[in-house]
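The chains carry the letters A, B, C, D, E and F, assigned in the order they are written, with residues numbered from 1 in each.
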């Protein structure tokens, strides 16, 4: 299957606008093609119950979609009165991914709230959320360090995320919504700037897949993550 | 009390970006000073139970704030599991205001969903929601008319909204958050392009107010609505 | 349009039964025509979080309708699992109206709970709730003062509420349910004994209304509030 | 233990006001001493899912307490967002008790809603609810029969309820709140006019009780039910 | 009506497996015929609000059915978002029954949680829950005493429960599901090892029942409870 | 790090009891070491909304833990009123895994409900749920085929799941709870009998991991899945 408009191993155009919101400690609007996610990072002076008196901090994420981010209006989870399964799954993934590069021991009993609000959805909202939130997170900790609230910069490495799919018999990097809907296999990779893996999630939507195919998908994902990390480095410079 | 940066009877800078979202039938990002609200209008082919088989349509609105739209992060209503009282009050006001200029009898058993999502809050989010949603609503019905889904254009008049407050002993038009927090009296006006009233809500936060004061507030509100209607006309041209 | 049974600027027969309940600190059953609301005022020794350690008190209101208060049985909000938008709007109005005449600084960190339970609904339940709760509130504070719990009597002025509507082309004071259902314009006024305004809420259900019409409605509302305040004074005597 | 004010086997003064509400098909305010419960019966033209297309009707009950029906204000179940265990237990009991004397086969696929709202609570609210709802139920079916909606009168027998308790070492009939709080054993009996049992519920709050004691309690309950049935007969006359 | 497989006054085969779960302080799987309930008892170091600083302990119970414990899959109460009325009624009964034989004053401000999870339901799940939980409760307190957490053994007497029903015109002891579904009268008895009553609940599902019939049902229940208590004694030996 | 009691690449003792429950179409109790999960499969004659009139079937899964399945009692999700994020994540995984080997097109508009209830938890409950549910699913479809409800057997391949973790610097297969708590990397693999992958989920709890390490973990997972598939084949024989 031939891909329209870009090469099979090419990510969509990425645009990141820092400091999109004046109230969040750190914020970034990330656009990957038509997908747009508003990411913020905020520090609060308390931790969940299981960390009380531990001296350690925490990082947690919330994810939501605006009703009109998709072609068919989706009803608000506030109106339905409960947060759905897909939302839970995604926000847990975002939280784990960012915690993996954050030193939770050195900013006291504080919680970082990551909020990812999807303004427009065209595939890859969970991976864009991770890549964009990283920018907001770094900016938040830099502000904290400048204000003397945090002594040591707690981010250890870059982190970014990308999807890869098997569409028909072709492997495509960074699926848009139409491609994702028809994919046989759907994988999401979260990796560090150093090329190590933080999260790997693969699902056979149709037919189970071989180890060989998985390796090919991992190859192209590694390339895509590299492109995203370069973009992040260009924006943020050295981590400190 | 002297006002910093603008005159007592002056509205904040207004900026409206049409077609902000590709998926909504109509959409507009309205910015009044630092307040930013994303407004969309979407038509669905069903009506609430009380209108089944009536041949009439309906218009309803939902309003929400992003967690980091305010200086202190507010928890999501989806997480709390219920829509709060202030949200209910505001979305009911938006719905009534737009219904007042919409002919619900001529677009069949369909419901217009107005979604107002506050990206950044600096006072006047409910009034900005009404003024901005009007743009999205007109654009949505124009698209419907072009596509032949609606025969007759169902909007009868312009509608816009503005706040007026008594801060100290001064009347201020279009309060920002800091002014609103300290206001003795807080009024919101919704008016048509023809200068008639659609909604009027006044509250004595501190001391009850005289009829004379109310009249002065109404005078300046009329001026403010006029400025907003001019802006809307500039964007939309004649209603049809 | 001619009104059946009473003049256009006449309120319905008002009957107020004090101390209707033995357990509430203050209680009153208010009947306006066929509308009957049971109002109570109770003091609790705690305040909401935002007032902790402020030395100030608070007043809040809850409103509910019995399932059979209306011709068609309405389902209980406890069964539906959530408090609806209309209820929220009304109880916030009641709370603001009574706070406007109450000095919250002089009865310590206590909360007054106002409970308005509609036994029978025939229009004007929110305005009757305000007028009736005022009686319960004064009685509650008098009891508190007699028992030495409160030193200074914290009510500054009388407060009462009334509706006015445009039915056909006639202005009617104090609408019953049938009149309210067909009203073009629906306004609610809350005013003090001194004739100042505490809340004003006007809604164009059908056609937007002119400033001139609003002024006529305000005139007759002022008369109606005067009648209610006289009734309250007759019952309560001087405020202290 | 000597009982103050009435004999050990004497029920409190009973007062029943029929047609207390204009909107319910049948309604009654029952007062037993200081306990006051507003009971209504309403017919709706639908049945629960398990009776669809069965040709049979249903009867269900809801029970609630006003916040200030008790000395300490109880929070509304609508605010808590769920109906509590005690409420569930009581409304299930009321429903079963009235179904036991109602022929559900002869009024079509309709549901009778019994609503019991406790205005003031001083012990015995569940038993008063049953005794009072019976009046509302009979009145509702009589109205239905007069209007030709129901052909045959579907109530087979009188039903009333009473509590008996062991307080200290004395058996008391029809406990008030103070007596109930200190009772060792607490029993509720629901019986027909013919003296048969519909429901019997006994609980050892403190020490388990002997069969002999249970028999003594049943004796005095039978007397109490007889008094209530006489009262009901006096009000309603023959059942038809 | 002749009963298939066992005598009218015979309980089903009872099998109790102690220490079924490694994590609970006490646990027992009780099987009565095809009915299987997993019962656990666990102590936590806190009490409900109304017992704070009272020096007293508490015991509470929760009851649930697995979705496939019944022939038709029942939806989970977690999915429905609320605990139903029948569940509330049953878990309150279990709690009261076990509290009646437990000295709550001598194990400090601790709460015993009784969990009854129905694995397979064939009638009598509430009575089996009580009989089985008693085993778990005794084992939990014995472990506590051995570990020195509790000084004095707080269980005063055995407690067990059984159902009796009128099926057609026959009295049957310990109804299975098929018998229960067709029963005219349904009674549940909870009694101590000493033969005193802790709870008695009787319901006329069809026709109201006479006192004479109730006495016959109580006779056979007493026999059934005796059989269960013997079984408990055989397993547990003397209470201490 | 040396592993106590079994080799690093050895799974725990597996025991599967078929037909554990009489009411479910298919049921199996799976025990892996001390972890015990009760799995059932049931067919209902309806599909979710998005499949109405598609002619296709669906398979969905629910997962829950008994309160005392873990050392510290966990509160019921029914009591908390909402299904938590971890539960959602797990039940979505179970559903996807079984759908991957099921032909949803050939059993009509029916839904298979998989229920996994954890009786005792000692690590690996989600993987045990998948392995055990497969047995219940096959048994359910065999019964359906025997009864003529389903023509063609819709299961295409075996499916089983296993965890692998990096504990200290050692790779361990099939982690128990203690091992899982301290793992640096935690992966779950779901594979078919043919050795292809259905789901792969890897998480760096501590340090991100290299591709080389992932390959070693995949190697040992493949061995573990093979052991489980052999066990399944032994029990079920050929798929048909």
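One rule holds in what follows: contacts are C-beta pairs under 8 Å (C-beta built on N, C-alpha and C of every residue); 3 or more make two chains touch, one makes a residue touch a chain.
Only a predicted model underlies this, so the values are computations on that prediction, with no experimental measurement involved.
Trainee: Starting at chain D, how many touch steps does it take at minimum to reach chain F?
Mentor: 2
Trainee: Indicate whether more than half of the residue numbers at the chain A-chain B interface occur in both copies; give same if so and different if not.
Mentor: On the two sides of the chain B and chain A interface, the residue numbers are mostly the same, over half being shared.
Trainee: Name whichever of A-F, B-C or A-B reuses the C-D interface, so over half of the contact pairs are the same residue numbers.
Mentor: Among A-F, B-C or A-B, the interface that shares over half of its contact pairs with C-D is A-B.
Trainee: Please compute the C-alpha centroid of chain E, do the same for chain F, then give the distance between them in whole Å.
Mentor: The computed centroid separation for chain E versus chain F comes out at 33 Å.
Trainee: Quick one: chain B and chain E, Cα centre-to-centre, how many Å?
Mentor: Each chain's C-alpha centroid was found; their separation is 59 Å.
Trainee: Where the CA atoms of chain D average out and where those of chain E average out, how many Å apart are those spots?
Mentor: One centre to the other, that is 27 Å.
Trainee: Could you list which residues of chain A touch at least two other chains?
Mentor: 81-83
Trainee: Does the chain-touch network form a line, ring, star, complete graph or other?
Mentor: If you draw each chain as a dot and join those that touch, you get a single closed ring.
Trainee: Per the contact definition, I'd like the list of chain A residues that touch chain B in the complex.
Mentor: Going through chain A, the ones touching chain B are 21-24, 27, 34, 38, 40, 42, 44, 62, 64, 66-71, 73, 76-83, 113, 115, 117, 119-120.
Trainee: Using the touch definition from the top, list the residues of chain B that touch chain C in their complex.
Mentor: 82-86, 88-89, 91-92, 96, 100-101, 157, 191-192, 194-204, 207-211, 214, 218
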